[in-house]
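The following blocks contain the structures, represented as structure tokens.
Common to both upcoming complexes is chain A, partnered first by chain B, then by chain C.
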Partner chain A sequence: MGVTLIVRPDAGRRRIEELVRQHEDRVLKRWLEITAAASAGRPDQGDTAARLTEIYQALRQSFAGDGDTSDLHGLLAELSRSRARQGFSPSETASAVFALKEALYEVVEDDGTPEALRGFVWFSKTVDDLGLFTFETYVTARERIIIDQAEQLLELSTPVVKLWEGIVAVPLIGTLDSARTQVVMEKLLQALVDTGSEHAVIDITGVPSVDTQVAQHLLKTVMAARLMGAECVISGIRPQIAHTIVTLGIEFGDIVTKASLSDALAHALRRSGVELAGNRRTRVTVRTEEE
Partner chain B sequence: MDRVPVLKLGDILIVSIQVDLQDQGVLALQEDLADAVVATGARGVIIDITAVEIVDSFIGRMLATIASISRMLDAETIVVGMRPAVAITLVELGLSLGGVRTALNLEKGVALLNHLGGAQIATTAR
Partner chain C sequence: MTASGELSIGGNSDIVLVRQRVRAAAVEVGLSLVDQTKIVTAASELARNALVYAGGGRVRIEIVRNGVKMGLRLAFDDDGPGIPDVDQALTDGWTTGNGLGLGLSGSRRLVDDFDLRSAPGEGTRVTVTKWAR
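This part shows the complex of A and B:
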């Protein structure tokens, strides 16, 4: 009794392998028909058909050979990636793989032997695994894209701009975390070395909120710049943020803070010895123009 | 053992650290520098660490100690050419080099010393 239970599934598996080999043309044709019907109206039907044919052959070889599925998995990953690029959803790709069951079932039905039916259960499980594998490939590829984009965002969002000879500024946009602060700090310090600037303005107008951690990061940046022989001014402190900073009891010590970037620039210019024409004269000119 | 040379330029002493300093070398440098300040009557010491890529708390303390020794001998110490990575490391170590002045490069360091010297002379004259 025990022996028959072990032998039977194996016999079923062999029968399915035979059917897959013998009726290759018929099963493959049916499979392509089903997938083409499911993805009607999409471009590149021929591309998908060619890929499915390759996959079918790899599947047959993995049955015939020692069960090595690396080829098969490689082809499936390629299919998943190419279909993802064409705008297919991952479940559509998985359904296309699952359609192979439907295609083979017709052959199994015609065959009608109990071995074939039993083997079909095993086959169904194998195809399920393959379908899920395409799903996993899709998710992995998607995750890699997200990680890449996050890195690109990190690079993009932290420009160091030169305001004047010897004055650079970093307009910070978005929430500051340790990773971003590290990038900002390195970029700012490198810019100080490259441009030989002695003054830096860190503008936090675009930072939505300042907590103790963000303040700590800012202080570290300022201290590092000081160690290199440059002075930092923090600008763009909005009223709410000033309130938060005082409420939290954060001590900025002798670090110069200014309300706006223009104030910070004026301060840095004065410190670097640039003479500024008086504001009053500008105002008079404006008035004359208005009249 | 490598000894770090102390160069004299006018009334400024320049020390350029080009090698990875070991503890013994640091102590030797401190002695040499103190001797040189007394012998030349220098009013400023510039320590150039452009070539230093790795720092630890010991090097950080060395800079502070040299600054204190020089100040005792009435010479201002300026550390120049600190690399960004070094600055970040020192901040992470919690060393802010309180009594040490810094400048971006040797040129700006000399300019800063001249500025400080000018200011001192001006106050004395008044």
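This part shows the complex of A and C:
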């Protein structure tokens, strides 16, 4: 013996809206209990409770009104951000939102009408969307941070240092892609102008592998420096890199390359008329000879 | 083997990842520092080719054995336009892009075994192997 229940599509939704309104205190209290239990031992329980209360009211208003959810989304975004700062994972935040389903289900069960059960499916979907929205907010915020950091890293990782009067050096560390080479080139050329240097040392000790793209970037940087009247030395060519460059067939032409930064500095000093003198066993002393 | 696996190549950051994974695998196989650098550089060239000329692709990193010798095999696959003239593509200094034209030919010299299969419209598959000495 089956009983056929006929429920009009929006009757369920209206019943849920009524229940959310009528049993506000009970559902909200239960929701806060569930989320508090899930995040036991974390600080700032009061903060989350206040935010959830606001969200509940915004949800009720979006049901009652014209379905405008911009308020609700704003509050959810804030919840997501504040909880992220407190060290909650995005899953925990989404779970806190999903807990609203459990809280309301107890009311729906007591109500027991087919409309309420039918409407609960719709309500469940709505809450899923809200939970996923907090997740998205979290991911978007995280991506922002990563982009910002990548930009900062680009700035940080390419210092131009002055080694001597008229000699600047760029110690390159890590991967050389087009974006970084652009920054390196700009900084180096600007440093040549600012310091009036005629010698530049590009040190690639910290570059793990030199492929054709990196080599091409280096060649272009050297060419650009030459156009400005500066002579470039590439230093920090380790044995395995030298081996690879030769096998690849890259030609550095008449560009001076050195194994170490100190060799490159010595070369640049010689070229700029500074003579190195002294006992090698003790210490290298450097003096400038005036012409 | 922990270092084996397949990676997809869809952007510049993936090329960095390919290099890191290939280096880890090369260390596991026991390649010398020079050979590690060579296979990593070849991987960098071939991954970039897949990205630049085919808009992306995949690489399979595999540790292989030939008797007592261990080797590292990399198979780069893409669904790009393919290479019409393979001999020309393997000529030093020949490029359709704006690179040095040494990526493909140089990679062949960097590895021990090199196999290039391609036809117009059918994508490209480059398989390279470096054996431990």
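Convention: the second predicted complex is superposed on the first by the 270 of 291 C-alpha atoms of A that agree within 3 Å, B and C clash if a C-alpha of one lies under 4 Å from a C-alpha of the other, contacts with A are read in each partner's own complex, and residues count from 1 in each chain.
One rule holds in what follows: contacts are C-beta pairs under 8 Å (C-beta built on N, C-alpha and C of every residue); 3 or more make two chains touch, one makes a residue touch a chain.
Note that this is a predicted model, so its numbers are computed, not measured.
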item	value
Chain B versus chain C as contact partner of A:177, first or second or both or neither	second
Which superposed partner A:239 touches (first chain B, second chain C, both, neither)	second
Touched partner set for A:225, first chain B, second chain C, both or neither	first
Chain B versus chain C as contact partner of A:212, first or second or both or neither	second
Partner chain in contact with A:247 - chain B first, chain C second, else both or neither	second
Partner chain A, residues of chain B touching it in the complex	79-80, 82-88, 90-92, 96-97, 101-105, 108-109
Contacting residues of chain A [partner chain B, same complex]	182, 185-186, 189-190, 192-193, 196-198, 220, 223-230
Residues of chain A touching chain C in the complex	175, 177-178, 208-213, 215-216, 239-241, 243-244, 247-250
Chain C residues within the chain A interface of the complex	12, 16, 19, 23, 33-34, 36-38, 40-41, 44-45, 48, 92, 99-100, 102-103, 105-107, 109-110
